[in-house]
Amino acid sequence: MTEVVWNRMTAAELRDAAAADAIVLLPVASTEQHGPHLATGVDTFLAGEGCRRAALLVAEKRRIVVAPTVWMGLAEHHVAFGGTITLSLSTYHALLRELCGSILRAGFTKILIVNGHGGNIAALTAMTTDLAMELKAPIATTTLYSLPIQANAFDGILQDQKGIQHACEAEASMMMAAFGDCVRADKLPEAYGPQDARGPNANAILMWKSFKDMTPTGVIGDARRATAEKGEKLFEVTARLLAEKLIAGAPWA
Amino acid sequence: MTEVVWNRMTAAELRDAAAADAIVLLPVASTEQHGPHLATGVDTFLAGEGCRRAALLVAEKRRIVVAPTVWMGLAEHHVAFGGTITLSLSTYHALLRELCGSILRAGFTKILIVNGHGGNIAALTAMTTDLAMELKAPIATTTLYSLPIQANAFDGILQDQKGIQHACEAEASMMMAAFGDCVRADKLPEAYGPQDARGPNANAILMWKSFKDMTPTGVIGDARRATAEKGEKLFEVTARLLAEKLIAGAPWA
Amino acid sequence: MTEVVWNRMTAAELRDAAAADAIVLLPVASTEQHGPHLATGVDTFLAGEGCRRAALLVAEKRRIVVAPTVWMGLAEHHVAFGGTITLSLSTYHALLRELCGSILRAGFTKILIVNGHGGNIAALTAMTTDLAMELKAPIATTTLYSLPIQANAFDGILQDQKGIQHACEAEASMMMAAFGDCVRADKLPEAYGPQDARGPNANAILMWKSFKDMTPTGVIGDARRATAEKGEKLFEVTARLLAEKLIAGAPWA
Amino acid sequence: MTEVVWNRMTAAELRDAAAADAIVLLPVASTEQHGPHLATGVDTFLAGEGCRRAALLVAEKRRIVVAPTVWMGLAEHHVAFGGTITLSLSTYHALLRELCGSILRAGFTKILIVNGHGGNIAALTAMTTDLAMELKAPIATTTLYSLPIQANAFDGILQDQKGIQHACEAEASMMMAAFGDCVRADKLPEAYGPQDARGPNANAILMWKSFKDMTPTGVIGDARRATAEKGEKLFEVTARLLAEKLIAGAPWA
Amino acid sequence: MTEVVWNRMTAAELRDAAAADAIVLLPVASTEQHGPHLATGVDTFLAGEGCRRAALLVAEKRRIVVAPTVWMGLAEHHVAFGGTITLSLSTYHALLRELCGSILRAGFTKILIVNGHGGNIAALTAMTTDLAMELKAPIATTTLYSLPIQANAFDGILQDQKGIQHACEAEASMMMAAFGDCVRADKLPEAYGPQDARGPNANAILMWKSFKDMTPTGVIGDARRATAEKGEKLFEVTARLLAEKLIAGAPWA
Amino acid sequence: MTEVVWNRMTAAELRDAAAADAIVLLPVASTEQHGPHLATGVDTFLAGEGCRRAALLVAEKRRIVVAPTVWMGLAEHHVAFGGTITLSLSTYHALLRELCGSILRAGFTKILIVNGHGGNIAALTAMTTDLAMELKAPIATTTLYSLPIQANAFDGILQDQKGIQHACEAEASMMMAAFGDCVRADKLPEAYGPQDARGPNANAILMWKSFKDMTPTGVIGDARRATAEKGEKLFEVTARLLAEKLIAGAPWA
């Protein structure tokens, strides 16, 4: 099986990939509370694993490399639970600029930042412009689950929710499938919360709110529904949809 | 009629409003190309006017002030057309932080940033967290048209589109209603473009793209459908929905 | 009458102006207390109006555009009165750099920053060097009233003062002439203060001092002398002197 | 076996550790060329593994947690080889400040940054002062191999070198011991370079120099001497010496 | 004779001065071309010497200390001549903020920045507000020659000029009086230039201009008039006027 | 005797030196407590004098210039004693970047930063990379005493110590030799402290510590051993070793 993970490859192998104009996926995530039942690294583990699986599918058709996962992100809303790491917007911007800049200097031209953490989405959307201008390069951004959600591809898999909530049926299932020792089975019975903690105006008028004020367990959704089988299916469809797009040349073609 | 516009009020009047815990709306917008038919100040004029109309409705029930409109925003995607002003993300962040900080120092506690420009949305969403942390205050953000779009309130008014596009039926109608001398009637016949210029994957995978590559006219939507009557109705419903929320105490209550 | 105001012009009209090497005036001002009788927007209104009038005179001879007025400036010394917005020096610098940078990117080469607020003068003088170096462009700066004061052109108009004080005979007169609904006539009887609040060493040794400690009314000068007729004359001579310089090619020729 | 890795622990487990005043080790490393035979993640893998092993020894006596490894560092001198990620000094400073700040906010008081990359040493030494002042906390820094080198503890293990070079006998041995699939055995015969590439004045007068100009293979030292057995011994002594210090209360007692 | 120069005093002597609420003068200057006849350190030497002489007079009445001279300032306009050091506005601001911050931390409360370089004046005026706000301390600023110029005290001493030009009768005289080995007597015959190089609009409309385009010799004024006797008198009156103000309690009383 | 000190030279002399590709030494030091017996300017005086002496030796063979001494550095660890000036790491970085940038713009290509203060060493080592990248120039850094210490050249001169401590036998001797009026002879009997205040783990695990907690006198070493004769010898060997390297072409050849 081809090695696709940047830091498991030698410099010569990476130079070779760059010379072949390989795509670089840069997984970005977070380290933060994920309820009573899941480790704080959930977003980091899932983003890295989702990218790795997609890349292995892509690698059959074209060169691709997965950079190490940026495990620190924007998670102020989880700080009140403890166990959470968060950056300011400006440091996060500087970090991504210099990581992408390094990847470009290493000879690659096609970078897709693949996000696995809800709290990063708005910032990444905003930075998509600034990174492109600052680096004069077609940096693209996505969230790992955007393609399947857009395609309603999780509908047949999940019972209670349509997309990804937090420490939920979907995240717990994927953790069970791939990182079982980071799931505390004995805490599952209490691992649920509201299905949508923000209320009807949330999207229309935004105001910062601690997750703690939305869900005392730190969970949005219901992890009691989680199974490893669901997790495997979620990974499969997520990786496949991203891989198909990349093989087809998106977003650069 | 009560004066609600900050810079048309004296310091004593503003001290009085602050003492009464008045809400402050801070309209933020942009100065950028708006097709062949509309002035570059569209977002600035509409954001200010929308806030002013909403505030006049609110003022019957509770104190409210409308700060001057921040006419510079994030508009890199329009630069290729000329006539466009844009800021970097970090300067925009610093500017809003210091404006909100000044409003707080003037004695107000409830600030709602009301955005009138699509290109600002993601940045404002991201900054909602940072501004709240940096200023230790419940800064809220919204986009002027979010409440009516969420309520499908434009459906009976607009012919070709459901929400706000760019230099489109909706924006041109509101400009006709309130700023008619900033509409070039003779250019209307050419004032149309695609209804959605980004394509099916736009929301799933983002990559910076100049508006010029999406629409040669600079228009998304069809301004040929615009009328002043539609514009008046759009203003009415937009102002009313925002006013109702604010009167009801949202988003702070 | 030619349209000269940037955000009332379309992108195509601005591209055309840039192609004709039009001058751009960028009015910069402030939002701050102006005594019991004047709205906080005085400097913003007067700077914009002064530039607009000068530009209309220039426009008969050469192309010129007036950008929207930068209504936020350096006004820490007025904060104690309430109603005041102020920026840090570094954010103000970044803001002006990016505004001028955008104007240059829009194809213009001749930018004159026209200031209408005393508190901005030193910073603008200092930034004249940095902006020129950073943008590699001949950015010029002036204060709206510098030319008439240098020419003693206000002498025959004003009764009590030779130049511009604060919320004074001159500012109140111009507000009466052009923005009468932002003057509180009933407060005029108390709208006076010392003619020079800083004392004999003020220019030799500087130390930050709140306006509140210099003048309890927030006025320097005597607005009881103000009339709309004086205001109209002040505008006329101010606009004419600036226009004459610009028509003659200053400061770039 | 106790779990000591931050992102494999739940928020509740981390809150519990913080309440018990657990030490936090923050491994910092790099992603950079490591000769023809080793993956670019060497420093990241070894720093994380060294900390994990030390922490497991400590955990028998007192609470300790190992944060995720900061895999991006200061590696400009390796960029010419490709495959290398590097940050500016100011972004690296901001990143570490906010990571440590988050750890403090999570309730921990004792942070030891454990470095696994030569290029970070000077910056970490300098930042030890600034981090302590900025965060008002006793942040300590060390390099993973400092204690054994100070104690000459590698002398009986290594054949050709006394300390840690680059992609050398020591690093290759530890990679063989713990991350064998990141070692390219077929490249070992060419995996050697000078024992000291900087020359006699290197420590007295510093000037930036690309590693490429010091060693064409990217290796300093001789990886042909590497064995998994040596690697295991190096890990053992490194982890033990650090654990002993921490158990004894250093550096806070 | 009392020692008044900070870096010639021991820490204990400075603690003692701080305990006695001594004034601290912080001379700020520049290193830049000063015509064919004067060393590039003119402003640095004169600012330090002027402060030292004033301080010796003050010291008879109250405690005072003179910090080392900040020899780097804002001198972009002299760069074209060579031999010139210049800072950006933002670095200069940060430098002065941290120097004043250190002086405050050393226990002093009264800081007067005494400037000896024309190019720093506007920036110092602007920073007077920001330094006071940032440090919450009554930082005062002046230019060494402001008091004598305000008092027309140089009139009987200088032949050709009323104030201080550049590398001129006044500066050359003071250099002859106190730093004779930094004057090249053989270059004096060519050491003259225009008396005022900026022209009639200079104060009304500012635009960056290299000194090289104003005066090919780098001199404004006429150094051929310089004598050591004049220099001694200039120093005497300058030091005396500043000392009198400080003894009288200005600017803090 | 050739003049080698930048600010004692005219711009023309500096242009001439730059045209001859002269080396520029930039002495960097500190202003900080130096025990009961030495002035706070010790590091500044010694760095400047050491560079000047070395430059005079070099000047017989090749052109060289000594910039003014950067008297502000990183001295947080001395602040508790009073009399101390310190900068943040980021301001220090910006300052050195702009000073070196100015020297390059003045036409010089070979800059050696010569440090005279222990607290700057790590930062300068780290910045050696960033300055070279930012300025695209071969900026070199050294500490004044590095060459003699590397060569054990102080061994026959000093009685109690091998290198440079703080306010010690070596520093006090050099001050006696060249700046006798900055030595308080009557305080010498109490001018001693521990020979090594950091303890056995200091180099292995770093944690910020005030000098005050290491030595109540502020001295590391024993200044009672100091004599002017030793000081003269220390200067001689220090200057000679640096001069020899520079004459031989290091570090650029």
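List of remarks:
The letters A, B, C, D, E and F name the chains in turn, as written, and every chain counts its residues from 1.
Please note the rule applied: a residue touches a chain if its C-beta (ideal position, glycine included) is under 8 Å from a C-beta of that chain, and two chains touch if they have at least 3 such contacts.
Predicted model only: the values in this text are computed from it and were never measured.
Annotation of subunit D and subunit E: jointly contacted by F, touch as defined at the top.
More inter-chain C-beta contacts link the pair A-D than the other of A-B and A-D.
With centres defined as mean CA coordinates, subunit F is found 50 Å away from subunit A. Chain centres here are Cα averages; for subunit B and subunit C they lie 27 Å apart.
Residue positions of subunit E touching 2 or more other chains, listed in rising order: 88, 90. Arrangement of the chains shown, judged by which pairs touch: one closed cycle in which each chain has exactly two touching partners. Beginning with subunit C and heading toward subunit E, the contact ring passes through the chains as C, E, F, D, A, B. Considering their complex, residues 6-15, 18, 31-41, 44-45, 67-68, 71-72, 78-79, 81-88, 90-91, 94-95, 98-99, 102-103, 105-107, 181-182, 184, 187, 218 of subunit F touch subunit E. Those residues of subunit C whose C-beta lies close enough to touch subunit E in the complex are 74, 76-77, 88-90, 93, 112, 119, 122-133, 138-142, 146-147, 150, 201, 203-208, 245, 250-252.
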